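Below are the structure tokens for one structure; questions will follow.
So that you can tell them apart, the chains are marked A, B, C and D in the order they are listed, and the count of residues begins at 1 in each.
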Amino acid sequence: MLARLEIETPSWGYGDSGTRFATFPQAGRPRNAFERVDDAAEVHRLTAAAPAVALHFPWDQVDDLAALRAHIEARGLRVGAVNPNLFQELDYKLGSVANPDPVVRGRAVAHLLECVEIATALGSTAQSLWLADGTNYAGQDDLRARRERVLECLAEVYAALPPEQELLLEYKPFEPAFYATDVADWGSALLFCQKLGERAAVLVDFGHHLQGANIEQIVAILAAEGRLGGFHFNNRKYADDDLIVGSVNPFELFSVFVELGTELPRLTIDQAHNVEAKVEAMTLSVVNVQDAYAKALLVDRDALAAAQAEGDVLGAHEQLLEAFRCDVRELCGRARVAAGGAADPVAALRESGYVERIARERGEAAPVSAGWNA
Amino acid sequence: MLARLEIETPSWGYGDSGTRFATFPQAGRPRNAFERVDDAAEVHRLTAAAPAVALHFPWDQVDDLAALRAHIEARGLRVGAVNPNLFQELDYKLGSVANPDPVVRGRAVAHLLECVEIATALGSTAQSLWLADGTNYAGQDDLRARRERVLECLAEVYAALPPEQELLLEYKPFEPAFYATDVADWGSALLFCQKLGERAAVLVDFGHHLQGANIEQIVAILAAEGRLGGFHFNNRKYADDDLIVGSVNPFELFSVFVELGTELPRLTIDQAHNVEAKVEAMTLSVVNVQDAYAKALLVDRDALAAAQAEGDVLGAHEQLLEAFRCDVRELCGRARVAAGGAADPVAALRESGYVERIARERGEAAPVSAGWNA
Amino acid sequence: MLARLEIETPSWGYGDSGTRFATFPQAGRPRNAFERVDDAAEVHRLTAAAPAVALHFPWDQVDDLAALRAHIEARGLRVGAVNPNLFQELDYKLGSVANPDPVVRGRAVAHLLECVEIATALGSTAQSLWLADGTNYAGQDDLRARRERVLECLAEVYAALPPEQELLLEYKPFEPAFYATDVADWGSALLFCQKLGERAAVLVDFGHHLQGANIEQIVAILAAEGRLGGFHFNNRKYADDDLIVGSVNPFELFSVFVELGTELPRLTIDQAHNVEAKVEAMTLSVVNVQDAYAKALLVDRDALAAAQAEGDVLGAHEQLLEAFRCDVRELCGRARVAAGGAADPVAALRESGYVERIARERGEAAPVSAGWNA
Amino acid sequence: MLARLEIETPSWGYGDSGTRFATFPQAGRPRNAFERVDDAAEVHRLTAAAPAVALHFPWDQVDDLAALRAHIEARGLRVGAVNPNLFQELDYKLGSVANPDPVVRGRAVAHLLECVEIATALGSTAQSLWLADGTNYAGQDDLRARRERVLECLAEVYAALPPEQELLLEYKPFEPAFYATDVADWGSALLFCQKLGERAAVLVDFGHHLQGANIEQIVAILAAEGRLGGFHFNNRKYADDDLIVGSVNPFELFSVFVELGTELPRLTIDQAHNVEAKVEAMTLSVVNVQDAYAKALLVDRDALAAAQAEGDVLGAHEQLLEAFRCDVRELCGRARVAAGGAADPVAALRESGYVERIARERGEAAPVSAGWNA
């Protein structure tokens, strides 16, 4: 069962990331999409559980998509979801598909349609869409009109999807918009998906919730409705911190896997490694997910169901505790080795010299950049 | 337009309320449903905007419903929503309609069906349902099975509703359940309503959100979907504090009314006046709502739409600010007097001697009670 | 080292507790302080790590304190902290030591002084003080004047403390006060302690923080300042949920113990077992604390310090992960058995028949009570 | 009294700002410190209440400080606080004054000492220090050691302060650090100030609190302790959103001014105008502050104190409501005109052509930049 776990690592997770205050460049940062794929392949080599790489456009734009696809496959990977980018053009300052200006909306739709074609060319089976659209002040724009605009644009894109592609719609309560985000919560995302069609589903990013939200319950509802499209794994203590999955509350990650059982949707890592070593951070992230999944598989489902049926509150809860308390490092290590990976991927990475090699080969880091500058 | 505003005050808001630590009894506390109606009538006499009284069963249970209805109408009021109670029986310790035990669920459904009959007898047009159901620990119960049980029970009740009654379903993220509440957010409530039928709608309680939730946006979505059933007015700074509506952030209350425009759903106050004078608190609450609604009516909608269309962020926002900054006390006072109320309801209450009179007539306060005692 | 762990369980944790909505009585609820001590002794018998029982007055008031002390010692326990109660009298509706009325403040001080004498009689070495004082509305009272009143009252109590007693001051951001709590955060509590004297220290309750607060960092600061008086253990996902310690985020509990090292302050459990079996809940709580402490002891401190010194972000973090991932159930079980407890305390409790016996002997449960009733 | 209000506007608030996702450049963005001063002068010309400009170094670094000071004074302004920058150098990736590397700490101290000299040269009377220092993962660094390092560095800087300069220390719970920020809350900041000396005081930024924090209570405590150094005005709904002060909850801003009374500390605006017109946003911000302060001056302090003394909860609260409900636009307009400003500063700005002129004169906007890029 453990071998079923397949995680997509994000090409953008190998590049530099930061906050509005500063982005600290790292040595060995990949210079293009091909090198980002190389890093993803290294993570898969070590963990044997990261066989796909999610791409982001135009960040991963190349002249020859076929060459990129060939490179990915040559590295033993497949293409994961395609992620369009609708937040880094001046036109999108007041929104993309929710923008009051129809010209801007048209431009946004054109990019989305282009991504459908890119996905087709690459053999990807999903558009994974996060909208940064929203407003910063009460009254800034008409909330209902914005919602209608979003729906109209998404419907146009959905209609263009080939049958093998699905549309994953992500929600997020705030940032970069600080008053009202147009797809703010799972309910908002689900309503759009219901109107679009059966191949539209909701993507759950761990950091995209208000404080206290019960993520495993959201997962349960979406799964029951047949609309759980997948995850963006990360972790947070405060806002959308994009830390390593499982680093803040590993019991929450475990609880999500308990809810999923063995029916796993698309699982993608989406993190920002601002201060930690990037390839190691991604490797550790995959290990953390394997750890949580392995523990969830150890839950005695019959005993759990029996205790639940009897209203034995603690008896049921303790079934989860018992599984969570197990040390699954050796179990996971054996599974990884059996699948061609390393028993201890982080240690193997540190011993491999990979990080030193890319630092040497890829040259100097970029200067510090920032979103806030006078 | 201001005269259109009609608020339901809650019979339970005139009784004692507290926290788990203590409920401090107040002098003049009504001894039965009839006296609670008397207090509601006093609030309407002063404000001319609270013509309905929402009831709670079995708290407002009387031997003769016809007599209660006659009393309500004799006081110049009408019956508002009927609120069933599914959280104060030992059977409901692990839930009511979500309880793993079918016997308990049956009991809960029986109470709900009884409330439908009560509403018919009283001429009420709505069941207003809040479920305290939920779990306190991961694994305690199966989240999906609980959801199916809730739906099955609600469907049975919905089927029994006479055509003039609607079912309002409230959501709440936590308290009394502290791990997973079965109807935790507006999305959860809306999914149930979609499955039940057209006369099921979502009720928005201001205090039933996680920190940061944008209530006016939720209102916009529910209204656009035709599923905004109404409000429970109150305010909070922390959790479900049940303070006086508009006392923490009056601009938020105003923003909700800006979103509603002149299409007002059922508006009910639901507060817990733990330390403040109850009748005065209710009177002030109605005044705060009138104030917010009056300001919202002053928004220059054409100018707002024009600024929004141009992407004039601050020009649009300033339209709201201009209306909010107006002093509408005199305007509201005139409207109240024209409708038979008082220019300054709080001052009028203080001068009327009503509070002193009920303290005299209704006798001694009860002892302090508490939810936490060794 | 594991044997050093000594936890106080709270007498009030064996009685019934609930929310403002309902308190569901449990069979076997102890009828008096002596029976609460019996339950505490059972938890210590099973865990061998709960040798003290914290008391609450007037809840644990008895005619003969010497008899209570003798009973406690006969059960193999000692008296933990004494907890005064300043929130369940009608006089305290607007506060106790912060009340604008000097008569009420005098009454509060008198109770606190009485508790000092009680502690002396019982051999307790700490007053553990939580103040429910606060306001519900902006302007309700003068925040600075309230603070001065609190200080004046506490200074009077501090002056009366015998040298073997310390004053632990707890903070809490909200509930039962919903606008401003007079001792709302650790900074507020610390300022009072600084002004009182060296035997005043801050007590950290896990549930008494705003969402996102970093508890282990607060612990680090208070310890560095020599003002960490102890803990009230519990866990929460939302507000002050008072769930079983370690049940929401066991990694956070572990991180607090990593911060403490082997210098453990007073450790007390303070929970409300509203729906779960009480004696089992307390037993599981002690086990959870043992588990977290045992894992913290496994951290390789030298390797951690080395990685920190090198700025090896993930290398340092992974030292914590490695320890946390260990399965310490057997290790803890052996330590418990060596100290006279059970290898698996929860299983031993279930097999012992203790719960059935007290249900039989102590008779019928009380009726449901609630803080909110019309 | 209204004329006493003097606000510092921030030079960096006239430049471009954004989020990690994108910084959208605006036309007319000042090209250097001199032009930023010109914008500040325009805001003061319109509002007659913004006579100082806070500066940020090295962002406002110029070859000739005397020339900058002369320019500022020629524009009718004075120099506000000097703000050092310790977060945009690669060295500071793991912290500045808390960095484990003493070389980096030395560099940070050198910059701080340079800022003391800059302030002396400019006639500034305050260092306003925000530290971005913190960690992203449990175990990443030793929290207590970091605190000692911070104190050691700040003590060195404090010792170098000339008598006319004070040290304002800002706190912030998270961002850019996402696990533990080294000066996370007011208590942490106050402890540093206590250890540094009498001219160290805490600076309160409205957005730098966890959800639910009662800012006016923090203000009351710091003022009572003689350690309220000043404010960074802005507003937020979610995290540190840096929206226009008063735009989310104007009643909270009013409540802070009620707490302050007429003893105003240093008042500075610190906002990020990501999507709105910058000069207009700053002008509106000053107007919002004037509005809140004017309303606070209208509170009947005697009636308030009387109601508080009587324990008249609502009577006291209503004193605040009465003042807040007043329309002070005309009053503020008259005060501005009397002081040489505009009756309606925002309208006057829109009519003045200033924004169009600077767009013309200062040339093309910069390209979109972002903190997150692959």
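Definition applied: a residue touches a chain if its C-beta (ideal position, glycine included) is under 8 Å from a C-beta of that chain, and two chains touch if they have at least 3 such contacts.
Since the model is a prediction, treat every value here as computed from it, not as a measurement.
Enquirer: Thinking of B-C, which of A-B, C-D or A-D forms a repeat of its interface, with over half the contact pairs identical?
Expert: A-D
Enquirer: Tell me which has more C-beta contacts between its two chains, A-C or A-D.
Expert: Most C-beta pairs in contact, of the two: A-D.
Enquirer: Suppose each chain is reduced to the average of its Cα coordinates; what separation in Å results between chain A and chain C?
Expert: 40
Enquirer: Please tell me the distance, in whole Å, between the geometric centres of chain A and chain D computed from their C-alpha atoms.
Expert: 36
Enquirer: At which residue positions does chain A touch at least two other chains?
Expert: 94, 136-138, 173-174, 179, 211-212, 214, 237-238, 247-248, 251, 275-276, 313-314, 317-318
Enquirer: Could you list, by residue number, the parts of chain D that touch chain B in their complex?
Expert: Interface residues on the chain D side: 211-212, 214, 237-238, 247-252, 275-277, 280-281, 284, 291, 313-314, 317-318, 324-329, 346.
Enquirer: Please output the residues of chain A touching chain D within their complex, sorted ascending.
Expert: Going through chain A, the ones touching chain D are 11-12, 14-25, 36, 56, 59-60, 87-90, 92-94, 132, 136-138, 173-176, 178-179, 211, 236-239, 241-244, 247-248, 272, 274-276, 365, 368-374.
Enquirer: Which residues, counting only chain D, touch chain C once they are in their complex?
Expert: Contacts found on chain D: 94, 100-101, 135-145, 147, 173-174, 179-180, 184-188, 190-191, 210-214, 216-217, 220-221, 223-225, 251, 255, 258-259, 304-305, 308-311, 313-314, 316-320.
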